[in-house]
Amino acid sequence: MIENRPVLNFLAHLVLILGVAIVALPVWIAFVASTHTATDFSSGTIPMWPGPHLVENYSRMLDSGLSTSGTPPVGRMMFNSMIMALSIAIGKIIISVLSAFAIVYFRFPLRNMAFWCIFITLMLPVEVRIVPTFQVVAGLGLLNSYAGLSIPLIASATATFLFRQVFMTIPDELTEAARIDGAGPMKFFRDILLPLSRTNIAALFVILFIYGWNQYLWPLLITTDAQYYTIVAGIKRMADAVDGLPQWHLVMATAMLAMLPPVAVVIFMQRLFVKGLVETEK
Amino acid sequence: QTEVQWWHAMGGELGAKLEEIVQGFNDSQSDYKVVPSYKGTYPETMTAAIAAFRADEQPAIVQVFEVGTGTMMAAEGAIVPVYQLMADQGASFDPAAFLPQVVGYYTDTDGNMLSMPFNSSTPILYYNKNVFEAAGLDPETPPKTWGEMEEFSKKIMESGAADCGFTTGWVSWIQTENFSAWHNQPIGTMENGFGGLDARLSLNGPVQVKHWGNLKKWADEGIFKYGGPVGGDNAPPMFYSQDCAMIMNSSASRAGVIANATDFEVGFGQLPYYDDVEGAPQNTIIGGATLWVLSGRPDEEYAGAAKFFEYMASADVQADWASFSGYLPITQAAADQMSGYFSENPGADTGLNEITLNEPTENSKGLRFGNYVQIRGIIDEEFEQLMAGSKDAQGALDSLVERGNAQIEEFQAQSQ
Amino acid sequence: MASITLDNVGKVYPDGTRAIGGVDLDIADGEFIVLVGPSGCGKSTLLRMVAGLEEITDGTVKIGDRVVNKVEPADRDIAMVFQNYALYPHMSVRKNLEYGLKNRRTPRAEIDRRVNEAAAILQIGDYLERKPRALSGGQRQRVAMGRAIVREPAAFLFDEPLSNLDAKLRVAMRLEIKELQKRLRTTSLYVTHDQLEAMTLADRLVVLNMGTVEQIGTPLEVYRRPASAFVAGFIGSPAMNLISSRAVPQLPGSAHAGLLGIRPEDLQIDPAGPIELNIGAVEELGAQRLVHGLVGGENFTVAMPSDAELGETLRLTIPPQALHRFDAESGKRLD
Amino acid sequence: MASITLDNVGKVYPDGTRAIGGVDLDIADGEFIVLVGPSGCGKSTLLRMVAGLEEITDGTVKIGDRVVNKVEPADRDIAMVFQNYALYPHMSVRKNLEYGLKNRRTPRAEIDRRVNEAAAILQIGDYLERKPRALSGGQRQRVAMGRAIVREPAAFLFDEPLSNLDAKLRVAMRLEIKELQKRLRTTSLYVTHDQLEAMTLADRLVVLNMGTVEQIGTPLEVYRRPASAFVAGFIGSPAMNLISSRAVPQLPGSAHAGLLGIRPEDLQIDPAGPIELNIGAVEELGAQRLVHGLVGGENFTVAMPSDAELGETLRLTIPPQALHRFDAESGKRLD
Amino acid sequence: MKRTIFRNQLLPWLLLAPQLAITFIFFIWPAAQAVWQSFLREDAFGIKSTFVGMENYLRLIDSAEYMNSLKVTALFSVSVTIMSMGTALLLAIAVDRMIKSTRIYTTLLVWPYAVAPAVAGILWWFIFNPTIGIMPYILSGFGYDWNHISDKGDAMLLVVIASAWKQISYNFLFFVAGLQSIPPSLREAAAIDGAGPVKRFFTITFPLLSPTTFFLLVVNIVYAMFDTFAVIDSTTEGGPAQATNILVYKVYFDGFVGQNLGSSGAQSVILMGIVIILTVIQFRWVEKKVEY
């Protein structure tokens, strides 16, 4: 510590506490709302403390949901989200680690072209080419399927670059030692490279899981069968009420449930999360 | 058992009722199972169906609101006209059984009915009797003219009975299209588009300009509160929470109103009119939706659809649906069957009375333009420009006509 | 075990850098050869060509009687110890030692025998189950050696294996390697840029400069009769003074224009000596004292016992046999 | 310029680590003090307490006559040279030099004068407009010195300022710092873990071990009469032999149980000498030869001229005054 | 570049195959389709189509709505970037002063990163709901009549808040990392050089943070331009009166809702251009940063 100025320290704490409060405010309100009944809102004053209907609201949403909004039970949607998030995360990792291996450890004709092909995906976010991508996926008959939810999203320049970065930092000597020890490329990949990238893979997994879970536009478009709705895409349908009051207490319960898995991942795997975040952006 | 997919836009109470009706059909036979799925608002449902059609994943049946008719009609090859479907499947189908206002709206120039009427509505006025009473108004007398609307609203607000006078669902449908018909003003040229693809909008007439101008003025005074685009999702909550004393909305909002307006008594009235406009009130036009059959599905599904349509057109189903929802009875038989209901439920026939108030004129028999779904969006936008104060009524409506016509031209070009 | 023969070996990197230009070298069976030279002179390149990690662009490399130019590293029967040890960080020490043997499908019993033996030799038996990161620098270095030993190869290759250790440990490990070499007598090629290490370890020293051999010889040969001014300046610490003969015309042999080499410790104080040093800085090292200054305008250092008396200038003499003479142009030794 | 006085200064880090335990030190005005000791012994901590970068948890620090315990670094009138130089990377060299003066609202003309003067002294005038990243390691080091000089402070503090340079440059910069100190005569406190640097630079040396002072004295005092076995082992290279007196009962004074310290270069070959060395490894360093072996079962090193004859064993003698004796327990010197 | 490589020629292609296949099928091919589509006029059901050359582009340039969308996007991105980066920087500076409580605060601040933009949108939509939301209630206490349904400014503010809120944690983490990567000795040197905390921040810390700041600037703009689709869709749907109709939303809306594939295609192509420019800037900078 260079200066010991209590005022500055106090100010810093103040700023942080305010920051935490601002950040938490919406979620607190959502949580409070999810523990009341619908009529508690229309009565004019908004409740600021949790009410007694937590279990009732959540269990109702988990097993039956809001059928009038055309969505299946939230439990089902969470299951779909989970499948999508896992497939995306695992799929991205697998294909990226393989391609990074190819790019870093081999020299072959058109290597640069392959690299650019992958790079270019960075420049084509799904939102931008949404209409034709939808048509391609439809043409392949992948609408309303888990494959359709995940496969088109698993190409990943970022993950490939990350692994490339990681592999670049693995000392040449290690590869050389392995070669002298008689390991061929796939053996090297399996025995040395993968185990060494373990924490990077885990960190990346955390980030990609969140990415997959939070997908919105894509599932919204390619699922027309409610059985495949994901929770993040489904929640908006619930908030749109027709000729009635939105069931805010239930919508907020769903919002809480939609946040739960990714937020839990961030909180409980903070170290991996931060690592993954920082790395994927390098 | 053949599954027949039906995409619809009936949320809330209506959705629940719809599922009940479908259940009735599914239970009545064992060859077909109709699977209804709620796809959001009318525009969302329609665009989802079109996207699905392009992806070859279309449902057999889709519910399309009345203003999508122009687009659907022009989509030869994408649809199976209902008259043809019924004929092919040998199902009984008698267009003459439907109300003339309904038949007229969904029939092509050759006199063939292209879609299956299901839920037709018309806008009416709902008001809060308790608030009226508290404000010293007669709870049994809704305002008749826009002048009274303003006057009553002010009273209500001054007395503190409510914060606002009125709100409305569907600015496009109610305050623009129906408003025009109700005052016998043209929505567009060539019989509001019924005359052919060359028709153009003419919504920027002096009467419409005056009305939009007033709405803006009232909004500024707090008398009127805007409830959002499309159906105006935020309008009903303002009425239910007794913020606003009156709401203009689809007759089919009745089910929702009854379910949600638990703390007060609701009255029904006809839409207000300007008494200085000649010919007003004329008649309202129908809204709601019909069921379209999309091509490209296996034949059994069409057989199922035909069967289902027979069931849906039956007087029992229609009467049940109409009395629950507030939709109009669309067949004569259903209307007859409901007379008892109407006498027991005063005000339930407000909508029916409105559409049949006078013999429809060229201006009041409906509208038919291509890309009208997009034009609906433009209406909302221009109205919002007006509300935000970025345009005056004349400017907003002029721009609405200009942009709307561009859509119509685009549609014409696309269809050639 | 085997001899290693380099015949006019050269290396041009794909980018055009000529790293090695024609090196001939015969390494006898069991000999310990140290390659020494400044950074970038091509030591690693040469070693890696022998290992098979770098393509050989000119000449031939033989291990034993076999030309290995096209043989994969795994098939050359060599083992290598890397500067950063290159231990597999995710494997225990035991797994590290076993990996090469397993890949060669050595029978289990044989693997165990060799691992235990190596562990005993290197005294790493206690931490066979640890991961490398739980080891100190010196222990890691030992494991790296162990990984080479278990392979029982025809030759060991070392690339600056001690340069990651601190000074104390480096001295200790240097002694251990010397010990080990005495015991195993495996042909070894050892790269370092540290001249002290080179001197103390080598049977023969190869001094490399810019990709070519400057001198090959035993450490003492190289120290006593450096073949060039480069070698003279590189081997020995504090470094040999190299001054032009014009700066000290008084000295014998300074008639020829050329470079004179004088080791700081070869000078003696002599009031009548031919060399006059203007004293600049004096550094007390405890056992000795380094006196820096100018002779005939050129930097000059003298090492002397720390109790010598110093004034402003110092007169020094040097035994004639301690004087080295080099050609001014080529830098080659002149006798 | 000012004296610096440390009175029973101690430091406990917030996590409970006791880094410094009661150090007394008087630094005279203009004196150059070097703090030396192994890694982690608390050198930086002590320096940073003087600088005001670390809270002083015990005792007092005075600069001149002022107790500075609670004074902010900016107000202590000191300048510091950091190990990584800590040059502001986004400012030109000139801006780097000016920064401290500007913050103190020194008049423009005065700033220019001082910057130019420092630039001249340090020969950095040519790259005043460059950013630090466009400088070599040695040049950066100079700029860091310059930044301290322009401030004309009461004292300089250096924290291993040379340890990021390569060996050759380190020697050169060492000489330069010595030169500069001679010229400016500013009170200095210099931290290093390199004993050579310590020996050559210090007016007085402070040897730290685990947070406490082992010895304070001139370099030669410390070398010749190390106050403890720790100092004896730390200062001098090759390191002093430290063997238990039981290993060489023949030596005078080995009657007391204790540690005997013998510098490798103090031994002489003498067939009748009292010490018998079983030769293990021999290292040829050119000018001398290190003979490692065992004496009475303990490791022992002897430095000798490289022409001496060696057998299996060697008998050695040592002048009595060259023998250091330390208490076995405390390690303190015994005379 | 690796010094050591394997020599196989077929194996790398096998390894790359899955990635390349997916890239080609789902990225490059649709992107090419977008380009092709941008030259066509097609009816909603995709039954008839005609080649119209540059017409779709010309219309866009001519269209007040598109120009409006450009302006809205610019305003939106800049506001989100400033709001979230500003808040995050403040928090990061505060945390950087902490010795013990860093972890706790960090944990309490980072989790919103995991909240889906769509959910963030819903949360704020609820909080600002004119009928039952808490904020309008509070604001009306200050005499402000909040209504994002008809007021363009309110609507913009709402989507900016929702988008910025979610992004604070991201920026915070990077700012903290940026601050921590500034060698402490630099700040110590500045302290010895007589600079107080505020001066030190502006003359040393902030300039040295500039690589991080610039990186975040680009990332945040990209985020605001593309990843906030869900925020818009779950709240204002571009309204009122297109006041929040950012470019990505318009591509989607004109394509899927407006059924004008030609125009949507042309907009896609323009957006790809923008992304390419941003990516190039970002990568240029990353290279520069290494030099620092």
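Remarks
By letter and in written order, the chains are A, B, C, D and E; residue numbering begins at 1 in each of them.
By definition in this document, contacts are C-beta pairs under 8 Å (C-beta built on N, C-alpha and C of every residue); 3 or more make two chains touch, one makes a residue touch a chain.
What you are looking at is a predicted structure, and each value in this text was computed from that prediction instead of being measured.
Graph distance from chain A to chain E, where chains that touch are one step apart, equals 1. Between chain B and chain E, the least number of touching-chain steps is 1.
When you average the Cα atoms of each chain and compare centres, the chain farthest from chain D turns out to be B.
Across every pairing of chains, the maximum count of C-beta contacts belongs to A-E. Using the mean of the Cα atoms as each chain's centre, the chain most removed from chain C is B.
Inter-chain spacing, taken between the CA centroids of chain B and chain C, is 93 Å. Averaged C-alpha coordinates put the centre of chain A at 54 Å from the centre of chain C. For the pair chain A and chain B, the distance between mean C-alpha positions equals 40 Å.
In chain D, the residues touching two or more other chains are 52-53, 72-73.
Counting partner chains per residue, chain B has residues 51, 54, 237, 241 touching two or more of them. The multi-chain contact residues of chain A, meaning those touching 2 or more other chains, are 1-3, 42, 135, 137, 176, 179, 221. By the touch criterion given at the top, residues 14, 51-53, 72-74, 76, 78-80, 82-84, 86, 88-90, 99-100, 103-104, 133, 147, 151 of chain D touch chain E in their complex.
Partner chain D is touched in their complex by these residues of chain C: 168, 171, 174-175, 178-179, 196, 199-200, 219-220, 223-224, 235-237, 263, 265, 280-281, 283-287, 292, 306.
Residue ranges on chain E touching chain B, taken from their complex, read 41-48, 130-132, 147, 149-152, 237, 239-243, 256-260.
Those residues of chain A lying in contact with chain E across their complex are 1-3, 5, 8-9, 11-13, 15-16, 19-20, 22-27, 29-30, 33, 41-42, 46, 94-96, 98-99, 101-108, 111, 114, 117-118, 120-125, 127-133, 135-137, 140, 151-152, 154-156, 160, 167-168, 172, 175-176, 179, 184-186, 188, 210, 213-214, 216-217, 220-221, 232-233, 235-236, 239, 248, 251-252, 255, 258-259, 262-263, 265-267, 270, 273-274, 277-278, 281-282.
Chain contact summary for the complex, chain E toward chain A: residues 2-9, 11-13, 15-16, 18-20, 22-31, 33-34, 37, 87, 90-91, 93-95, 97-99, 101, 105-120, 122-127, 132-134, 137, 165, 168-170, 173-174, 177, 187-188, 191, 196-197, 215, 219, 226, 229-230, 233-234, 248, 251-252, 255-256, 261, 264-265, 268, 271-272, 275-276, 279, 286.
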